[in-house]
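Just below is one structure, and these are the notes that go with it.
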Amino acid sequence: MTALDNLPPEVRDDVARAREKVARLHAELPRWGLVVWTAGNVSERVRVPGGEDLLVIKPSGVTYDELTPESMVVCDLDANLVDGDRGPSSDTAAHAYVYRHMPEIGGVVHTHSTYATAWAARGEEIPCVLTMMADEFGGPVPIGPFALIGDDSIGRGIVETLSDSRSPAVLMRNHGPFTIGRDATAAVKAAVMVEEVARTIHISRQLGEPVPIAAEHIDSLYARYQNVYGQH
Amino acid sequence: MTALDNLPPEVRDDVARAREKVARLHAELPRWGLVVWTAGNVSERVRVPGGEDLLVIKPSGVTYDELTPESMVVCDLDANLVDGDRGPSSDTAAHAYVYRHMPEIGGVVHTHSTYATAWAARGEEIPCVLTMMADEFGGPVPIGPFALIGDDSIGRGIVETLSDSRSPAVLMRNHGPFTIGRDATAAVKAAVMVEEVARTIHISRQLGEPVPIAAEHIDSLYARYQNVYGQH
Amino acid sequence: MTALDNLPPEVRDDVARAREKVARLHAELPRWGLVVWTAGNVSERVRVPGGEDLLVIKPSGVTYDELTPESMVVCDLDANLVDGDRGPSSDTAAHAYVYRHMPEIGGVVHTHSTYATAWAARGEEIPCVLTMMADEFGGPVPIGPFALIGDDSIGRGIVETLSDSRSPAVLMRNHGPFTIGRDATAAVKAAVMVEEVARTIHISRQLGEPVPIAAEHIDSLYARYQNVYGQH
Amino acid sequence: MTALDNLPPEVRDDVARAREKVARLHAELPRWGLVVWTAGNVSERVRVPGGEDLLVIKPSGVTYDELTPESMVVCDLDANLVDGDRGPSSDTAAHAYVYRHMPEIGGVVHTHSTYATAWAARGEEIPCVLTMMADEFGGPVPIGPFALIGDDSIGRGIVETLSDSRSPAVLMRNHGPFTIGRDATAAVKAAVMVEEVARTIHISRQLGEPVPIAAEHIDSLYARYQNVYGQH
């Protein structure tokens, strides 16, 4: 009997739904060219009324062809394994830290997508020079600190950087992007979009400087888009 | 009973054919790498003899896996919904403006394809230095103004820019390409080709300056190609 | 009754085999990312003992989804249609010119593949700085002249440029690559390889100068490779 | 009767398993965009207790659509054919040299993957500026010497360069990457990862200099990762 059996049936149903959703969303990462081999991970929070929330994430080192709802693992928000046949992704501690410190966040994604990681390697934020970027990010995509794996420093770097920004994406220096969202789908969308703007603006800058967008136009694009699409 | 039921049967048949065609053509956008996630939209005009024309377009926020003829929406040329279960794409007003002001145009496409958008971010027209570009575009691909969504300024920018050009594509500054055509297929072809020339000429310029093509050669290539292929 | 019916049965069989092969090889062009939309064409010579040779090529303006052996068209070496339901590709005159003037050549391919065309737009030959390029091309890939479609100037430019080179590929200025081979398969392989070396050497030069390979090493790599693989 | 029939049944089973595995792993090369046409090869060592080890590798010039376990060939560690219907890949001598001189190595992969080969053409090592690169490579990816095919010089260049490095990948100058691993799967993973870091760091450097990672951080990332994942 696993620790899951002690949870109310509604929460067990939510865990089952999150496993299915997280497994399905992982397939979006190679589909949009964001990961190679077994890199990258998607997680979703499962809310436990009157208890401690859980998260569902990919196990460590599993290939994208092997991903099934059953293979997804369940952890508590200290990254301890609650249910699953394999160990959780080694990035689980960073996901868990975000859920502990950002209660409104329901999904986290991490990739090493090429162009976003290229900006991260230079430690240079992505300037907001596209209307689609104003819509989705409301300004530049910020750089988080260099942090080693093994303690809370990656999670803390994500939370501190995103707390000062409208952006749902942070580029951890020399490492790669982490994205957040209301749920796992929104975090995956942010992972797709951060690579899209990282690539397009990189290519634009190869032959000169993009034209800036005035701050008030960024504000008005962001306000309108979040109003129209924010509820999804 | 929807407003469609008041139309003559031939027009209702044309609407059904346009829904099928527009749904099918949307699949060309991810196929040629022009869009990610739910971005991009294709529309086609439906002519209504003795009445006001209609347009068929993708609904807002629908993924490419969900696109069916039935999910396509019908609007009038003021972008009001005439038939459909969901709201039209937020770019519908720009498409409708083009149809109102360019009566010979039967199809419009909008994407954020990477290389075309990279030129748009710098506000720099694409020079005509390839014979295939002379064939299809008859000269440079022009830049349209910066314009906010929410009124007629995007549509007006497209129409004013394309009225001075042979090109079926305009790069809206800091935004991305819009393309037009006799029908939706021709507009999709122009969307594929503008990304192709944007990419090839970008890459060529990374290591030096492309050799210009003399204006009279551009004219003769364009005249010949439009004569041979223009009727399709 | 078409002109094909006047040919000996063995030649009619060869035409049928060439139609199947040329249709199948066209699918290699989008597979390796060499073409978009309906661009690009592959042809193969059919030898007619005691008569005038024929060529099999893609018809004009047909999409890659519609390519079948039956839709391939047969022309004589003056590019006149001999058999087929549609007009031949508008590049047929260039293919035919090559077959008329290079009797040992059995296949021709034309694409606008991105990196090869980028070198062509600058009118700059691709230097031989990779061992795989020494193997396949035996030296640089040369630039052909600027030539307008409509007379023999493209075909003549291809033949004159390749006559001075070991390379099976020529980059026609402001236009794109043409490749030749013993048969259509060899010409398609050359089209794939010229884009591969165009891309790799472009990328290498973006961050500095590739190390040259000594002429005697190029010669020895080419001699060995052609000896081992040349018969295929 | 082939030479395989003289081997103990367990070794014949190991050969059969290696053929299946090597055939399957070849499909990973085009999947991750590392090869075009018939380029690239994967091999695995088969240990023969009390005898001389064997290797299993792709035959020469076979397309990726034709790869089956039965078509894989078996050679001894002097690159002589032991079993198979076709000749071994022309790179077999280099693979065999590695197995002869690095007894702990069980898999070797060679590709001409674009970005890794671009660094190889400049003769420039890839600096370690990404945490994922510290994890997998423990430092820069080194450059091996220019070497002609036909004797032991490629194999010797690989072994001498990798003996001085933690990296499982070497970029042979003007040629391309060779990677090694405990088995063929690990060598394929290294081939995927070397292209990934070659591409990301190339793109990062196009717009400036990546921030270095301190040597002690590289050491700690490498030690942790090899400890966690090294046994797979």
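Should a chain be cited, it is by its letter among A, B, C and D, assigned in written order, with residues numbered from 1 in that chain.
Criterion: a contact is a pair of C-beta atoms (placed from the backbone, for glycine too) under 8 Å apart; a residue touches a chain by one contact, two chains touch by 3 or more.
All figures in this text were calculated on a predicted structure; none of them were measured in a lab.
Enquirer: Can you name the chain that lies farthest from subunit D, using the mean of each chain's Cα atoms as its centre?
Expert: Checked the centroid distances; the maximum from subunit D is B.
Enquirer: Shared numbers divided by all numbers used: is that above or below half for subunit C and subunit D, i.e. same or different?
Expert: Different, since under half the interface numbering is common to both chains.
Enquirer: After a C-alpha superposition of subunit A on subunit D, what does the rotation angle come to, in degrees rounded to the nearest 5?
Expert: 90
Enquirer: Roughly how far is subunit A from subunit B, going centre to centre by Cα mean, in whole Å?
Expert: That gives a centre separation of 33 Å.
Enquirer: Between subunit A and subunit C, what distance separates the C-alpha centroids? Give it in angstrom.
Expert: 46
Enquirer: Of all residues in subunit D, which are in touch with two or more distinct other chains?
Expert: 206
Enquirer: Which chain pairs here would you call touching?
Expert: Every touching chain pair, ordered by label, is A-B, A-D, B-C, C-D.
Enquirer: Where on subunit B is subunit A touching in the complex?
Expert: By the definition above, subunit B touches subunit A via 36-37, 39, 61, 90, 112, 114-115, 117-119, 121-124, 146, 148-150, 173-176, 202, 205-206.
Enquirer: Would you tell me which residues of subunit D are touching subunit A in their complex?
Expert: It is residues 32, 129-132, 189, 192-193, 196, 199-201, 203-204, 206-211, 213, 217, 220-221, 224, 228-229, 232 of subunit D that touch subunit A.
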